[in-house]
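Note that the chains are named A, B, C and D in the order they appear, and that numbering of residues resets to 1 at the start of each chain.
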Amino acid sequence: MPSPQLPLATPFDDDALHEECGVFGVIGVPDASTFVALGLHALQHRGQEAGGIVSYHPDHGFNNARRFGYVRDNFTSAKVIDTLPGPVAIGHVRYATSGSRGPTAIRDVQPFFGEFAMGGAALAHNGNITNANALRRELIERGSIFQSSSDSECIIHLMARSLQRDIPSRMEDALRRVEGAFSIVAMTRTKLIGVRDPLGVRPLVLGRVGDAWVLSSETCALDIIGAEFVREVEPGELVIATAKGVESRFPFRRAKPRFCIFEHVYFSRPDSILGGRSVYETREAIGRELARESPVDADLVCPVPDSGTPAAIGFSLESGIPYAMGIIRNQYVGRTFIEPTEQIRNMGVRLKLNVNRALIKDKRVILVDDSVVRGTTSRKIKEMILDAGAKEVHFRIASPPTAWPCFYGVDTPQREKLLAATMSEEEMRDHLSVDSLKFISLDGLYRAVGETQGRNATCPQYCDACFSGEYPVAPKDMLDQGFEMKTTAAE
Amino acid sequence: MPSPQLPLATPFDDDALHEECGVFGVIGVPDASTFVALGLHALQHRGQEAGGIVSYHPDHGFNNARRFGYVRDNFTSAKVIDTLPGPVAIGHVRYATSGSRGPTAIRDVQPFFGEFAMGGAALAHNGNITNANALRRELIERGSIFQSSSDSECIIHLMARSLQRDIPSRMEDALRRVEGAFSIVAMTRTKLIGVRDPLGVRPLVLGRVGDAWVLSSETCALDIIGAEFVREVEPGELVIATAKGVESRFPFRRAKPRFCIFEHVYFSRPDSILGGRSVYETREAIGRELARESPVDADLVCPVPDSGTPAAIGFSLESGIPYAMGIIRNQYVGRTFIEPTEQIRNMGVRLKLNVNRALIKDKRVILVDDSVVRGTTSRKIKEMILDAGAKEVHFRIASPPTAWPCFYGVDTPQREKLLAATMSEEEMRDHLSVDSLKFISLDGLYRAVGETQGRNATCPQYCDACFSGEYPVAPKDMLDQGFEMKTTAAE
Amino acid sequence: MPSPQLPLATPFDDDALHEECGVFGVIGVPDASTFVALGLHALQHRGQEAGGIVSYHPDHGFNNARRFGYVRDNFTSAKVIDTLPGPVAIGHVRYATSGSRGPTAIRDVQPFFGEFAMGGAALAHNGNITNANALRRELIERGSIFQSSSDSECIIHLMARSLQRDIPSRMEDALRRVEGAFSIVAMTRTKLIGVRDPLGVRPLVLGRVGDAWVLSSETCALDIIGAEFVREVEPGELVIATAKGVESRFPFRRAKPRFCIFEHVYFSRPDSILGGRSVYETREAIGRELARESPVDADLVCPVPDSGTPAAIGFSLESGIPYAMGIIRNQYVGRTFIEPTEQIRNMGVRLKLNVNRALIKDKRVILVDDSVVRGTTSRKIKEMILDAGAKEVHFRIASPPTAWPCFYGVDTPQREKLLAATMSEEEMRDHLSVDSLKFISLDGLYRAVGETQGRNATCPQYCDACFSGEYPVAPKDMLDQGFEMKTTAAE
Amino acid sequence: MPSPQLPLATPFDDDALHEECGVFGVIGVPDASTFVALGLHALQHRGQEAGGIVSYHPDHGFNNARRFGYVRDNFTSAKVIDTLPGPVAIGHVRYATSGSRGPTAIRDVQPFFGEFAMGGAALAHNGNITNANALRRELIERGSIFQSSSDSECIIHLMARSLQRDIPSRMEDALRRVEGAFSIVAMTRTKLIGVRDPLGVRPLVLGRVGDAWVLSSETCALDIIGAEFVREVEPGELVIATAKGVESRFPFRRAKPRFCIFEHVYFSRPDSILGGRSVYETREAIGRELARESPVDADLVCPVPDSGTPAAIGFSLESGIPYAMGIIRNQYVGRTFIEPTEQIRNMGVRLKLNVNRALIKDKRVILVDDSVVRGTTSRKIKEMILDAGAKEVHFRIASPPTAWPCFYGVDTPQREKLLAATMSEEEMRDHLSVDSLKFISLDGLYRAVGETQGRNATCPQYCDACFSGEYPVAPKDMLDQGFEMKTTAAE
């Protein structure tokens, strides 16, 4: 029963991959929801469409607020925060899903809540449950009534039907039925719970501020509340934080971790720490590797802002070609432009980016971008650069060709819309009409993220399905719908 | 998990009983939701706080819209109606519940929807399920997840767990577990379903417009869409209307009907037809009976507007004392006055009513009101009348003393707040400091509604629990909470 | 430079005359704007489209708030009232003007404010300045910049250009240039000022509450704040209320008063006092006069609610035919129904009125209405009554035929749209297809309002231009636009 | 009569200078307001609080829309743009003024409109009229009524009182009475008019797209609509663009130009062209100059984002010290955070900036910022950097010490709040507790903007009053209020 929503018109934003979610939770401070609001603000890049917070207070019970739009616009005022009292709270930001699934209803905005016989629990996740459709069918057959189209609701219903006596055990029961990639934060009246799937595809970190415990998708959200980064939650781990400390359980069968390599390339914020290093430094290293792999003589190295910036700096440092801001991003472009006029919609990338004409004129320019998805933005940028009088345009891409969709919580176009799914590097260069186009190699990317030996082809250290087509978890629901995996898919 | 809501500040409205709901449904017209919107507009007096509509269209599935506020403000624009396409739709208006239960969340606004293995169904009801708490506990124990605090949701969950193969049969299964007073409208993709509880406490009528079938709480809502009044749905009857016609089932054990007598006194609109007569005529007859039972010499008969008007006209016609509008109602008072200033809140009844000073001065005035609940409004009106220079004030009340709470879908204060629960008629007269105060007798009321022999004490023809304390259905949840019934309670 | 506004869709409301404004002001209470909000709420019937309040506080200066919509929705919350501090305030409610002038911009909502060399002043008026266009042209020629299309702004500009040293004297200067019908409330930092035009066409009364002084269009707005009715402001009088008391000036040439007789018939609230008697009693007297002038044998006397009610009661009392509510008004119809669907718009009068079918069936019905403007509503009501099975329908109208437009602050259709401008009483009866149709005579109306000798044809005691075509003030701007007055126009 | 507004809570934004306005206008395209909306979007950095557009269409006259908030949120939808039809339009974005003057009322949002005897005109300006108070007093004395507290309204009233027969001549009349720094765009029904003050303090450029003419504060707004940059409007020039072409007038006494040097440092967008060079290149040159003037040994050069970025790149290129993003800006911080909770308000700069901890740790860091105003932000950034474990912190500032307020359209704190007004460079270094702090010299800045000989002390080539205290136009209103100029002030 989908409620109709206003279309989210972001015409020039559909040429990027989007993380679908960020999660955050706190236990042990008097006003947990304020901390969650700040944490979600720092995680806004992981989901701009909507957000939600649930809190629990002994006198006021569970309360929630779910809103479309930015955290800063919805969750910072006393008017909202005062309705979310208590010492434990969790929250979620999400991206608009696209394509066949249509716009999100507010009912689909997490966290979800369920009242069980032994009390309530709320839950939010980042990722995707690959057997959600099958689970849903089974649960409905047995009398569960779904209120949303979200994966997370399956977990709540599985928990409701568990015969275990406490909520963490019910959650273990439920998670053993679930397949896919997911990082979960959940809460009961007295516990903050975090879970990562057995492969640890999506990130989740544990932090501490005073006596309070924090769970967050990234460390940058620990910084904003002044929390100390304790450690990453381990793949397959379930942590339970209470007033007394943190308990750790491992409900799943152990597996080799396969963290999402694209978190390094694009999703995570440059000031977050992944694998003991700032994401910024990793991206600079990717740019250096790219300069070594695919050098070219030119006058300027320019990033496609903002995501190409660290790699462009790295490329400049390695190549010695001066770094310059040849493209300026209009910082007042946001998620909005709701229902613009036809003419304004057609402006596309111009509303967001402008070429620094006087700087670019008569120069040979290297443009560094993080990835090529559909290629539509790359093409428009190239036109703007040439229109401004550049002599040569060389694209350098800080990731290998994106040729396969992600089924683990990232919003990707259908395979046939991915430029790299249908064209070779040369065909893409011709399609974009640039003087040269080079992607970093998959091995080069592994080296840049710290795997000095490159990719272990028999047992890759990361999930790189979007580049390799090798899916570490079989995407069951998608296979049911006819998706064809590469024959060499890992098993 | 109640969402906080703005307080609904209607300071002078808490001294009346309020029907909690009105229901309406149509099948067989191209744009059913427009008809439902009109029907709900005509039933707005049965619930002013919120409304909801669900429709089904073969191409667009089930859609819903739920809003706080008036039907005219939410459900008449193309913008909303266009999101509710299809040939079958049901709707609901509800009153704010008061007291301990707190303000309503939008989640509690009906109709409710459930997706079953054989397709979806939506349901709305007027009334109260007296064993809802017990049912809810049991269902949660077995893994159902509730999304609202509404009674109706129990029915949906019971239906979800039924093993029957079609939705009407699942509804029969569910209804056999349910106790209380309820009139239900429900819908599937192809059926419009209506149910009245075995005693027929709450009203429900069947109408027809062209080839389409209509269910409505009252006939006045048939008039607005030009529908013909076919008949009342019978107590204990389940009707199923489809393209092919109307089918009738009787899933309950038969019982003697006990229709709510207060529908005649106050709830129903004067232009609705109950028992073959307009409610207006019944109220005029109540006024005549009152004039015969408790005559008094005076200059003017004035109604307390608007609900006392028909009885005042009857009193005037019977007594020969001229009818006059001694109190004028400000027609611009609505449900609103959201968050008024302290000073304005204190104005209370003055915002709504003003005495016709020049008319009243030096007159002996008979004031006719429909009922006395807490007595606070009566007291203020008396003061206004005396302040305007009236020589005498005589109250005549078109119902017996309201001494017991209703548990069948009417919002009444706790027993100790009911003036008649703690005072005799004489004490009330002294409390209100009026020259005389008379209520119609219970027998007189029965005569006025058409029972020429008066009330059958051993087996009353109506539910009159609010006057007599004799509850035809044991209020199980309330008894669990410690409510004490009269020892002479009917069983 | 008109700002576009949403269309105000009141399809069934254009068949009535509408007072364009109500005014209210207070000086001498700590929180004057709260009193003004209450006063405007009581005057809401004089203007439902928009309202405005200006207040002055020594520390915070002049503040204003102007809003579309009802007083209760805009001016009762602390959020708004707190922005309007201080011991003196004035306010205004206005009706949407119709026809060629288009919907109102918020810029046109009064009160208007001007900063003069000796301090600021704000002003609001009820009525119409008949030479406003000419004055506006002259002022623009001399360098004044208009911000609105409202008449009132002329007065402010004339005051700005006066060479007098104090604001009341500047106002006198300005008023001597102005022609028309107007009741004004104005304020400076320390004064509350009221003015009625020389003929006293529009009402204005003076009241007192404690040490504070009040000006209001009607006495009903004194009642709501507990103020005592002191006296009417006299035609041609300018009153200045300060902390010290009330001063009276007469800046105009004296003239014979010509109060608007339609205030008695329709505009004023029945609980207001006009000429020492409640308007309700006057209307009851009109009904009695009508019964004497045009009796008819019938079963029921029914009002067209709500405006026909007092006259219907009078008709019933005089004729002995029982009074009954044959037509029920849906009290939830308001000014809104913004942008309803086509189908709902076509429902017209049915959204507002329903016939009491069971009561009306097989009866001979006398319908009493206050006036006939275009006749469209009368026609629909007649159809509804016959459709419900009435045997005969007799219309009795509590005013003479409305055959001429008003140019003194009442919104009337163009002359050719007035049914009585083109048809005789018999033609109207045939047009409406009713069994009989009778209007009260002009002399009868004068008698009912207290002129025992009837109308003085050579020097009428009231302005009755809408019935007689005799305009007491030449409508200069309208004559410039080609309007043709009756040759017998009074001069 | 100021209308109260919500407080704009941008706690960490008050430590920067803010351009108060950007202006844009087009004539000769069918839908001029769309172009103006795009132009204003590109100029949003010049004013984020509010915006307004006026257009003229022969059939629909002048129309306007004024809104608080971003252009993208208010002026891109068809709903708004459709209300602004026609081939000529002008627009304005403005910054919130701070301090004693309080928040802006919507009445103060430009463009302003006046209806004159020969037709209407609208006008918007960037800058400040230094004798506005005196002019306003005189105009009120003579009967003009002001509707706003804006300078621009003086010009409209002076135009209204001119005896000239056409609007451009009236504008010349008006401008001869006006002192200060201002760039104006204005429009009549058939003309687009641009004016720069005699010193040309504020920017204004002329562009062309097809047959249409464009006026804009900066060239970056020409790029977004695909317009060609024709030339700067000259200091003291009045240009009139019509269907037939551009006419040029010089109504003022000629003077030596004194363009605002801070436009190079901070106000203008890096992709705009000033003096034939991109602002980006100028800022890079400032960074290089700064590296030459004040070198220091360190590991990283980091910008304070985003305004310090180009100078930091220049510093890195000149010094050879690697450039790195040591501070990450949260791109989801906007103008909003309306009414945040106390706790969130106290987060201040952390909501906007985060240190790249893993990168900064144990490093010697050079931070490059554009300017130091109050020093509060610098102090917080220093603390964050040290907190992250930096070994040394060296501040390098791309402008000389800001020691004097601007009276020419830039919002600066009162003099005593400017850090450099009360402290020497050494005192500031100690106050900020940094290892070193160096500002570029005034001569160095002149060299970097292209004056190879540095500043001409007897007749400076730019307005640099904020650094030098030498005001090229006497700030008359401020002197009246007691502001003390430097004794050496240029005259």
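Structure notes:
Heads up, the rule we're going with is that contacts are C-beta pairs under 8 Å (C-beta built on N, C-alpha and C of every residue); 3 or more make two chains touch, one makes a residue touch a chain.
By chain, with names taken from UniProt: A, B, C, D = Amidophosphoribosyltransferase.
Treat the numbers as computed from the prediction; the structure is a model and nothing was measured.
Shared contact partners of chain A and chain B, listed by label: none present. Any chain bridging chain C and chain D, meaning touching each of them, is missing here; the list is empty. The centroid of the Cα atoms in chain B and the matching centroid in chain C are 37 Å apart. Inter-chain spacing, taken between the CA centroids of chain A and chain C, is 62 Å. In chain B, no residue touches at least two other chains.
Inter-chain contacts, as defined above, occur between A-B, A-D, B-C, C-D.
Contacts from chain D toward chain A in the complex involve residues 31, 34, 37-38, 41-42, 44-45, 48, 70-73, 76-79, 81, 220, 223-224, 269-271, 273, 276-278, 280-281, 284, 306, 309-310, 313, 317, 322-325, 328, 330-334, 336-344, 347, 350-351, 354-359. In the complex of the two chains, the chain A residues touching chain B come out as 1-4, 54, 61-65, 83, 113-117, 120, 140-141, 143-147, 156-157, 160-161.
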